[in-house]
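In the two complexes that follow, chain A is the common piece, with chain B as its partner first and chain C second.
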Partner chain A sequence: MAEPRIIIVGAGPAGTRAAEACVQAGVRPIVLDEGRRDGGQIYRRQPDNFTRPYAKLYGSEAGRAQALHETFDTLKGAVDYRPETLVWNISGGQVWTASQTYADTLPFDALLLCTGATDRLMPVKGWQFAGSYSLGGSQVALKSQAVSIGHKVVFMGSGPLLYLVASQYVEAGANVVAVLDTAPYSARIKALPDLLAVPSVLWNGVALTIKLKRAGVAVHNGIKPLEIKGDADRGVSGVRFRTRAGVEQEIACDAVAMGHHLRPETQLADLARCAFAFDPGTRQWLPERDGDGRSSVAGVYLAGDGAKILGARSAEASGRLAALAALGDLGLPVDKGEMTSLRGDVGTYAKFARGLAKAFPWPSEQASQLPDDTILCRCEGVTAGDLRGVMRETGAKEANRAKAFSRVGMGRCQGRYCGLAAAELIAAEADIPVEQVGRLRGQAPVKPLTIAIGDDQ
Partner chain B sequence: MSAASDVIIVGGGLMGSSAALFLRGHGLSVTLLETDLIGRQASGTNFGNVRRQGRPIHQLPLANRAIAIWRQSRELLGADVEYLQSGHIRVCYRERPELVGSMEDYAAKAREEGLELELLSGNALRDKFPFFGPDVLAGSYSATDGHANPRLAAPAFARAAARLGAAIHENTKIVDAQKVGEDFIVTAADGRTFRAPILLVTAGAWGNALSSQFGEPVPITPKGPNMSVTEPVPYGILPAVGVMTPIEEETVYFRQVARGNIVLGGSTRGPSFPDQYRAYVEPQNTLSQLKQIRRLAPSLGKLNIIRVWSGIEGYMPDSQPVMGPSATTSGLYYAFGFSGSGFQIGPGVGETMAEIIAKGATDIPIEPYRIERFATPT
Partner chain C sequence: MNRFVRLGETDRPAVTVHVDGAPVEALEGDTLMVALLSQGGVLRQSEFGPEKRAGFCLMGACQDCWVWTESGDRLRACSTVAATGQRILTSQPEASWPNHA
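And then the complex of A and B:
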């Protein structure tokens, strides 16, 4: 039998551990990654000639980051690694890739999608001004290029990344003026039983808050964002919000980093025609998979935060588990005992993730309260009022129908940044559960594709 | 118990929606039945060309009727369907110089039908349209054609029809239609029935499923258009642009919408699946389309596409629709199988079918579209 053709998309924690499992089984997988270097987002590696130490870059996760990077470095000779390569479509048992203008098609027997996550964003009036970043984006600026997004930075939203990135900014010497968390402190208390599933990560989170307070950063819980002040020429000039006590406050700043935890990058699973189901805990549509990572489509496996947000540690386990499942399905011998143990690890992290969802709830009600003049879809410049008007005029209350009539989610991000909030707004306006709004159908290309593709081939 | 009206229309695309609107204008009561949502397939996913140029000469009276409706669409529909009379240019490549003669012939005949075309080549062509690549030899320009937004058009017609009293039922899949006595009884999958003395089938790629129930099967093939769109760039390309060529892969077209995005269409069509209600863009067709677009307008190679899409279109072997009365059953009418070329004429089709149904006749020539042409000799 010919060596099975295994393709892994993504070289973060899940993709790296999946590749390692393949190599250990004697298979040379193809690893496709959009990034210039391996590591993914959370363990993003700095450019080659940068020399900041691991402790500085990754804090409490330095050991894990270093171990992951070293694993990938040792794998390099044993995998067909293709960085800076976009998978823009999946069809007919092949992935379609683009690297600059170079086009390729790669057939597979097993496809492991380890596509990671992006920020879950809630629009705020003024979020289109220069100086508004996602938490992930602000972290990339710091990790990759050692720069801050501004001279006076406000972190606003909720979720573990809010505290992590803010403290990384403090650590790097940036001026963090405030951390504004929409989640009330009481939510964290309620979530404690689940969060205790992984005490070390819980402790890391507590330590971050202590560190921020010691550094003199104002930390507000239970706030409601009202507006990012600024103008089109000069960008962000401040943040207006309501405190838990109901008092309006304004903080001057020239940059805001925003996010409400993460959302999985599921477009490739969609293009591979995987079935999706609504997950009430996160109010997101997720690709269906069994406990080992098998999707509804034979030969397509899902792992890491690209399938469901369970965190980087879980991604290492689920990446390895999905690879073992794929190898076993292809008839190669795999250690069943190890698979059982990995399933246990993933289950533990799933409990912790449920705790995080309770501790930092997605403030879905904010979408319905967005003022009409707030830009909802930044790519297409569609306001909340535009969408409400289209709904009134046309009766549209399904995500794709509302998109067709209003352009919400029709731009270059394909709704990855506004789609969840738009769905909440539609649900509130139509007075239906958000799952009835449905989900935006994924369409190729997953990211913008140059018209010059294949030009010199 | 069945809902009764003067006319039942099966198929809520542009043809059915506009027919519903114009039938209300004739005072007939109308029930429009749509399997999914109005205008989701061919009507909503096509390129959006509002182009008379290039249609068969015998179709120009219908196209002229349609252009009059497009021009007053905003007032008629109470909605903006982004219709722009910004011109249409059709070009041929240097390797096919014989097509210049075809363009000249066509322009002479089109003029007799009221469509003025201007032939351009050399510097005159490039001064007016500097984006064309060196392979482009000559072009035929229609100043009075243009484009509109297919996502918006059919639903706007349906809403206008509903405001005038048409009963519109979406998510209503029809499983049976038959004539009992003087009336047609149309049955939905959930058991609802609808009754009317007149039945108009505007069901696109699904048309054959109904015409077959009346002993008139037709050889219709479902396909999907190959569409892409770029990120928005400053508005500068006014006309819709297309290539005249006998080779399907070379047949690409593009237009820029006022917002700035450039819609790309054409090259090889893909498969579509009427039973699943889905059509997929084949990645290799996207690549061949982009290659042909670079040949037509090399500067577009600097842009990115941000989305591709397709939909379900019904193609007839002679590329002409089935349009007119049934040959087997009185009171039964058809308008489907527009073979990827129905968008511009759509409102004209609706108005003409309404006229035929309400008045029994029309001056618009529809002889080439009769369903009898597919009848098997007995």
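And then the complex of A and C:
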């Protein structure tokens, strides 16, 4: 039999471990990643000429980061690795790729989608001003460029990354003025039984809060963001929020890092026609998969945070597991015992992730409370009031119809940053459950192509 | 005033990028975004509102950081490495708006 053609999209923890399993089975997979370097998000690598050591860059996860990078480095000769290559479509049984200079279509026998996540955002009045960044973006600035997003930085939103990135900023010498968490402390207590599934990660989280407070950073729980203050030319000048006790406060700053944990990048799974189901725990639509990562489409496998937000450790396990499933399905011998133990690992991380979702809930109710003049779509400046107006005039209650009428979700980010909040707003206005609003469909190209390549199509 | 603050890794050779005709000093390994925002406060003017923009996601997902080369090619400032000799414009060179978004 000819060597099976296995394509892996993403060279983060999931993609790297999937590639490793393929190579161990004697298969040379194609690994596609739009990034300049491997590593993915959490273990993002700095440019070659930067010198910060692992401990400084990755803190408690330094050992894992180094192990993953070393694995990828040793795999390089045995995989067909194509960095700076965007997968922009999956159709006709082929993967469509584009790099700066080159477009290609690649047929496959098995396709492993390890596409990772992006920040989940709840709009706040004023988030269009220069100096507002996504929380993940603020971490990219530090990790891959050794810069802070501002002179006085506020972290606002929720989720484990809020505390992690804030403390990484403090450690690196940035001026962090406050951490404003929408989740009440009580939610964390309720989530404890699930969080105890992975005690070391739980403990890391507790240590971060202690470190921030010791560093003199104001930490508020249970807040409600009211406004990012600023001006059209100079950008952000402060944040206004309501404390848990109901008091309005304002903090001066020139940068805000905002986000509510993460959302999976599922556009490619959608283009590959995988079935999706609504996940009530995270209020997100996720591609369906079995315990090993098989999607509803034969030959398409899903792993890592791109399938569901379960964290980096789970991504390593689920990447390897999905690759073993694919290899087995292609008739290659695989270790069934190892697959069983990997399933167990993924299950443990899933329990922890459930805990995180409970501890740092997505504040869905905030969407319906956004004032009419709040910009919902940053790409094209569509306001909450515009969307409400469209709903009143057209009765549109389904995400793609409301999108067509209002253009929310039609801008350049393709709804990555407004889509979930828009769905919550529509659901609240129409008084229907958010799953009835449906989901924004993935569209090719999943990101705008450069003009030169676009013209060829 | 500069928006981004360097917190280390400053011992790198300098590169010079031209932005709207003026030279901007950056360090080898900087993205265009870091090059521009270590010197200034914004990247570009929003086409849909009064405000200036300075990027948002830094990971190639939001497209808020578009700048252009003088020959009209569009670049994402957050995912393009700055290099000596680059001539960058912060607004689109031709008046037309090709449908590529």
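Going forward, the second predicted complex is superposed on the first by the 451 of 457 C-alpha atoms of A that agree within 3 Å, B and C clash if a C-alpha of one lies under 4 Å from a C-alpha of the other, contacts with A are read in each partner's own complex, and residues count from 1 in each chain.
The criterion applied here is as follows: a residue touches a chain if its C-beta (ideal position, glycine included) is under 8 Å from a C-beta of that chain, and two chains touch if they have at least 3 such contacts.
Just so we're clear, the structure is a prediction, and the values are computed from it rather than from any experiment.
Engineer: Of the partners chain B and chain C, which touch A:448 in the superposed model: first, second, both, neither?
Structural biologist: Both partners, chain B and chain C.
Engineer: Of the two partner chains, chain B (first) and chain C (second), which one does A:361 touch, if any: first, second, both, or neither?
Structural biologist: In the superposition, A:361 touches no partner, neither chain B nor chain C.
Engineer: Check whether A:172 is in contact with chain B, with chain C, with both or with neither, and answer first, second, both or neither.
Structural biologist: Second partner only, chain C.
Engineer: Determine, under the contact definition given at the top, whether A:232 touches first (chain B), second (chain C), both, or neither.
Structural biologist: second
Engineer: Check the residue A:151 against both partner chains and state whether it touches chain B (first), chain C (second), both, or neither.
Structural biologist: second
Engineer: Taking the superposition on A as described, I'd like to know which of chain B and chain C A:405 touches: first, second, both or neither.
Structural biologist: first
Engineer: Considering only the touch criterion stated at the top, classify A:118 as touching first (chain B), second (chain C), both, or neither.
Structural biologist: Touch status of A:118: second partner only.
Engineer: Of chain B and chain C, which one touches more of chain A's residues?
Structural biologist: Greater contact footprint in residues on chain A: C.
Engineer: If you stack the two complexes on chain A, which partner ends up touching A:51: first (chain B), second (chain C), both, or neither?
Structural biologist: Second partner only, chain C.
Engineer: Quick check on the superposed pair: does A:96 touch chain B, chain C, both, or neither? Answer first, second, both or neither.
Structural biologist: A:96 contacts chain B only, not chain C.
Engineer: Which residues would you name on chain A as touching chain B in one complex and chain C in the other?
Structural biologist: Residues 380, 411-412, 448-452, 454 of chain A touch both chain B and chain C.
Engineer: Spell out the part of chain B that touches chain A in their complex, as residue ranges.
Structural biologist: 37, 44, 79, 151-152, 155, 159, 230-231, 259, 280-283, 286-287, 290-291, 293-294, 300-309
Engineer: Tell me, which parts of chain C touch chain A in their complex?
Structural biologist: Residue list for chain C touching chain A: 3-9, 11-12, 28-31, 34, 37-38, 41-43, 46, 48-64, 72-74, 78-79, 81, 98, 100-101.
Engineer: Using the touch definition up top, name the residues of chain A that touch chain C in the complex.
Structural biologist: 34, 36, 41, 46-52, 118-119, 128-134, 136-138, 140-142, 145-151, 172-174, 232-235, 254-255, 375, 378-381, 411-413, 416-417, 447-452, 454
Engineer: Can you check the complex and tell me which residues of chain A touch chain B?
Structural biologist: 88-89, 91-92, 96, 103, 105, 380, 393-394, 398, 401, 404-405, 410-412, 414, 443-445, 448-455
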